[in-house]
Amino acid sequence: MTVATAIVRPFTQAVGKLSAVHRLAPWLLVYLLLLPLPYVLSGLFNDYYVYLANRICIFILLTVGLNIVKGFCGQVTIGHVGLYAIGAVSSALVSLHLGAPFWVSFPIGVLVAGVAGIIVGLPSVRLEGAYLALATLGLGESVRIMIAVTPLFGSSTGLIGIPTPEIGGFVFDSFERYYYLLITATMIGIYLSFSILRSATGRAFMAIREDTIAASVHGINVPQYKLLAFVISALYAGAAGALFAHMPPGYIHHNNFTIIEMVTLLLMVVLGGIGHIWGGVIGAIIVTIIYDQTLEFYFYQPLLFGLSMVILVMFMPRGIGGVIDRYFVTRRFIGAREGKTDGAP
Amino acid sequence: MTATKNRLIAAGLAASLVAGMATVAAAGEIRVGITMRMISENGQKYGQMVMDEIDMINKAGGINGNTINATLLNDECKSDKGVANATKLIFQEKVHLLIGSTCSSVSLPIVDVTAKAEVPQIIPHSTNAKITQKGSAWVFRVPVSGRYYAGVNAKYVGENIGKKIAYLCAADAASQNDCEAMQSQMKSQHGVEPAYAAQVQEKEVDFRTHMQKIKTANVDGIMIAALAETMARALTQSYEAGIPASVRRIGSSSASNSPVPSIAGDAAKGVFFAAAYAAADRRPIARLFNEMVRKRYNINAPDHDFSQAYDLIRIVELALGRADLKLDSGSLAADRTAIRDAIASVENYQGLASGPISFCAAPTPQCRDGNRTAVLIAYTKGGENYVTEVLARVTMPADFGL
Amino acid sequence: MDFDFSSLFAFILFGLTIGVVYGIVALGISLIYSGLDIVHFAHGEIYMFGAFFGLVFSEQVGVPYPLALLSAMICAGVLGIVIERVFYRRLTRAGGGYTVAGMGMIICGFGMSVVLQNIAFLIWGADAEPFHVDLGEPYQFGDISLPKSYALTAVMALFLMAALHFFLVRTKLGLAVRAVAHNKDIAFLMGINVPLMISLIFGLACALAAAAGTLIGPMQSVQVEMGYLMLMKAFAAAVVGGFGSLPGAIVGGLLVGIFENLGAAYISPSHKDIYAFLLLILVLMIKPSGLFGVEARVKA
Amino acid sequence: MALLETTKLSKSFGGLRAVSDLDIAIEPGTIHGLIGPNGSGKSTFFNLVTGVYQSDPGSRIVFDGTEITNMPSHEVGALGIARTFQLLRLFSDMTVLQNLMVGYHTHVSYSILTAIFDRGAVQRYDARTTEEMMDLLEFIGLADYAEMPASELSGGQRRLLALGRAMAMRPKLLMLDEPAAGLSPVNVEHFLAIVMKLKEKFGLTILIVEHILKVVMETCDTVTVLDYGEKIGEGTPNEVKDDHAVIEAYLGQEMDDDEVRAILRT
């Protein structure tokens, strides 16, 4: 806890100072700092870490989206990989069969995932808790089966040779180059999630999560906001999927979208902290690194992951983000008590 | 005070993490990376065998005095994990040679990774024809490509069994490929359409609906293309549904895996399939191999996945011996190219496999699909102590099925 | 495919015989839901463990099949009780806060299913294990043959359901269980040992899943991955029948079985696993409370 | 004209009639009390008016000239009806200020697109709203706790927060569901004082459901008495107090004096 404090405090102070200059300043600074990361990674370590950074970026996009619908709106969806798959396959198909460049296929992939989000969301907004979890679990698996058995979607062979993006002769064909694309998308994704969640919309999501009836009575159109959360998270999943599809070597296969991937995403969100904006980011980074470092213990890896999920839920239900939040709350709490000594009603 | 201390601890943690991630590749050793599906019992045993063989080469003095350092990773038959493993092996472990994968859907994307990184890749067991059709100069396939199997099967089926064939194809990469190729071969060789064809799920458990339909369709043979366990279930259920033994059961190449006879039991009797190795092979080398596998890995009769992994190691040993390797810090790229060229120069290698394995320099399927001979094998007894017999041995022309 | 009534009858029969197994698993899921208000996402793994227990008793210990079935049920019941006591109880008791109450339970169940699956993997490996139970030649109905194992499964399943019904309706303990399922607070005030009843419910549900596993093992062979698909279908069955309704679970199971077999026979066999889900969505759209469910009242 | 008027309002749950042919009219600017024994339909009435429950056919609810029968809750809220809950239903994991900001939701003028693409505008807008909400918090005495999660507040503060959240909606009609339940007598006084001040300041109409009769007797202009979902009496507190039917329904016959005193808090 105190170690965490030591890491967090200077960071928050710096952000505070920068924000005073311009609200985008800290974002730009972080972005600029992260841009040369591939060179640092390949210099310090090797290109494999650039690849890992790319994977982390994709996971971050997924978990940030998942956190919106799950952490903020409180809707337990287990079908996120399905939307991820839809984004990946549709973007890949558009560029493979219509020959469209990435800059066309990517938004199409995102949009198709968004539309899928609406289609899933419409029945789902009527469902609560367990029912929603069941319905979305079925959805994720159904999407995978559809891909697995339909030749157009790659079937068992997968979609091969999905073209890599290109802009003005600059081809994003290596992990280093693709990283620029991913880090840009990721930073935009995180920033937008901040914009959405730190607004009336985000507060409405949280209100729905806390108490649906109270939210509704206070003027929040619950079904509409639930659907909105669904669609936003679907857009994130679609973007992650499309970026994954075009990442070299440009290959997707239905077994990239199984329930195991969903478990990994869940673990990332739970570890980082459900309902904590940075939660998904923290979780994606930590889980990917731990996963990589334990690759050689592949027999015990899933067991370790499953067990940590159970233990986290039992003993640290709000994850790392929750611990950080807790720290700030405690500080403010003490501050408030000290500031007001004459006793409140 | 405490804040400084905490900051120090944090910095220390970060530093140790960094130190843990950076591994230094040692010079003077040949680094080989392996990515395989290490989940199934057989998968683990092939992996074990490959590692054991490499150990033995090292114990016998290595290759031209250099030891082989092998790293084995599990890809769970998932393409993204396979790509991650290949990337890790290539860039972090800086391997000279990549062996993998056992699954077509993993080998397919890895071909692009190795082609781009210019690392030779040699495939122990993936039959999908597209793998070598990508035109990579860095890929070599030891097993028989699916396109050859289909040709052999179709020829035998059309001439000896009949032309009214029902197909049950599972939705995994190898089976689907086998199934489609077989159907098109039946059409081109004998001019017949399937009497019944259904695609089932990869891990289907209940085939009764299909068997009922096939029973009423009155066919000469049933082709079941599926992974071992799925095939075993389908075989059992075909007898339960009352389809007589006179209707021949034709398996895809995964019928050679031992779970098929051991799970299907008596239902495995009479099933025949094309594969790259028959345990019933009478050659001395095969007999010795069977004994070795039985002793070391407690497997009654090794299937062709074992023989192919074994052949692969022997080919790798041969090629590494021929290659002129410097193995110092600056020679990685040159060594990789040398190994590639050495493998490409392997010609008429006669090991356990059904036929001679030959590679050549051109990045074409003709050059890179090493083995073109399939043996047709039938089970004469199912169960744990299954027995097979060889029906025929057929070599196909190099550009067959392209 | 040509249509004829004999085939149609066969497909429905196939659906019924497999549906009855979905029904038993769904029964357990419904029981847990009505008793504990949680959806048990690890129930498929309990089913898988049950099948392995049955396999071990039948093939390795060498007891007769019926005894293996009973032993598997007992073992899985104990396993279920241990899981509930050690893990779930903590969460259900914690209450309060959105993270802990609903979502935590679902995530915990999910994690538990991964844990159980991988424990089974470490013990038994990933390969399918043959489960030989020789019951003799299949029954013949004209052109249709029905293996005796399926017939036995159907009979056993019906017997188990009847036994459960008898237990819940006719015994004092069953009454206590129903009271806990209805309202834990009132049951507590009436002097019922609520935690014990909850354990009992959990154990019973897990025993049912194990029964299903042992019954279906000989027909489909036993494999670590078998739990997940069964879970999906049993969930569909439970929702179709009305979540928490016990007769509904059985009817739901039969419906799912028939629906997916007809779909595989007449529409497309490769989409077989999707049909259960389609049925689930259809029911949720038309009657969210399921066929036998009662509309839940919101309390403001 | 009455601000809120229900005609033949009915609601059955299965066979049970929770509210039956209820005609209630609430005059603007008044404090209207709703009393009755447990299960007499008071909370159901709240839920019907605010759209949490659907009423039976034939019912009619009119608010400020608009028919709101079976209107979804959020639209009812937007029209200017705010309510509190018996069990408070605070947004526990959100801060006190955020709770109020949610209350203000219907008045927020920017859309989701603005939120996504013009964060600056949103920040400026929210800063203004925050100021307003801080004034309100000052008014109810919770300003120092603005950044604290609602779950950290004490019981009395939580009741105040529920009130503040309802007031953030800028309602015309404020419906309080047992606002004094669980409060000590001193805190009840404090709470009522704040309610009265709010009424003055914003010209509110208030509908109050309360078990503590003393509260009702002291604050209400009109009182409606419910029993088994039916109206059994209506009038000024003093009229109702002497009504025979009311006393019988409310106090029953078996009650001894101590129990009566306990309920009346006299």
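Order as written gives the chain letters A, B, C and D; numbering starts at 1 within each chain.
Note that in this section contacts are C-beta pairs under 8 Å (C-beta built on N, C-alpha and C of every residue); 3 or more make two chains touch, one makes a residue touch a chain.
Treat the numbers as computed from the prediction; the structure is a model and nothing was measured.
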{"item": "Far-end chain from subunit D, centres as C-alpha averages", "value": "B"}
{"item": "Chain closest to the assembly centre - both centres taken as Cα means", "value": "A"}
{"item": "Rounded Å distance between subunit A and subunit C, as computed from the means of their C-alpha atoms", "value": "33"}
{"item": "Subunit B-subunit C separation of Cα centroids, rounded to whole Å", "value": "37"}
{"item": "Gap in Å, rounded to a whole number, between the CA centres of subunit D and subunit A", "value": "40"}
{"item": "Residue numbers of subunit C (touch at least two other chains)", "value": "97-99, 121, 270, 273, 298, 300"}
{"item": "Per-residue multi-chain contacts in subunit B, two or more chains", "value": "171, 199, 201"}
{"item": "Multi-chain contact residues (two or more partners), subunit D", "value": "52, 85, 89, 92-93"}
{"item": "Complex contact set, residues of subunit B against subunit C", "value": "39-42, 171, 198-201, 203-206, 208-210, 212-213, 215-216, 229, 232-233, 237, 240-242, 259, 262-263, 265"}
{"item": "Residues of subunit C touching subunit B in the complex", "value": "1, 7, 10-11, 14, 18, 121, 125-130, 132, 138, 140, 143-145, 147, 219-221, 223, 225-226, 229, 261, 264-265, 269-270, 272-273"}
{"item": "Contact set on subunit B toward subunit A in their complex", "value": "2-3, 6-7, 9-10, 13, 17-18, 20-22, 38, 73-74, 76-80, 83-85, 87-88, 90-92, 94, 104-105, 108-113, 116, 128, 130, 134, 171-173, 175-177, 199, 201-202"}
{"item": "Subunit A residues touching subunit D - in the complex, by the definition given at the top", "value": "23, 192, 194-196, 198-204, 206-207, 209-211, 213-222, 228, 275, 329, 332-333, 336, 339-340, 344-345"}
{"item": "Residue numbers on subunit C that touch subunit A, as the complex places them", "value": "33, 38-39, 41, 87, 90-91, 97-100, 102-104, 106-108, 110-115, 117-119, 121-122, 228, 232, 235-236, 239, 243, 268, 270-271, 273-274, 276-278, 280-281, 284-285, 288, 298, 300"}
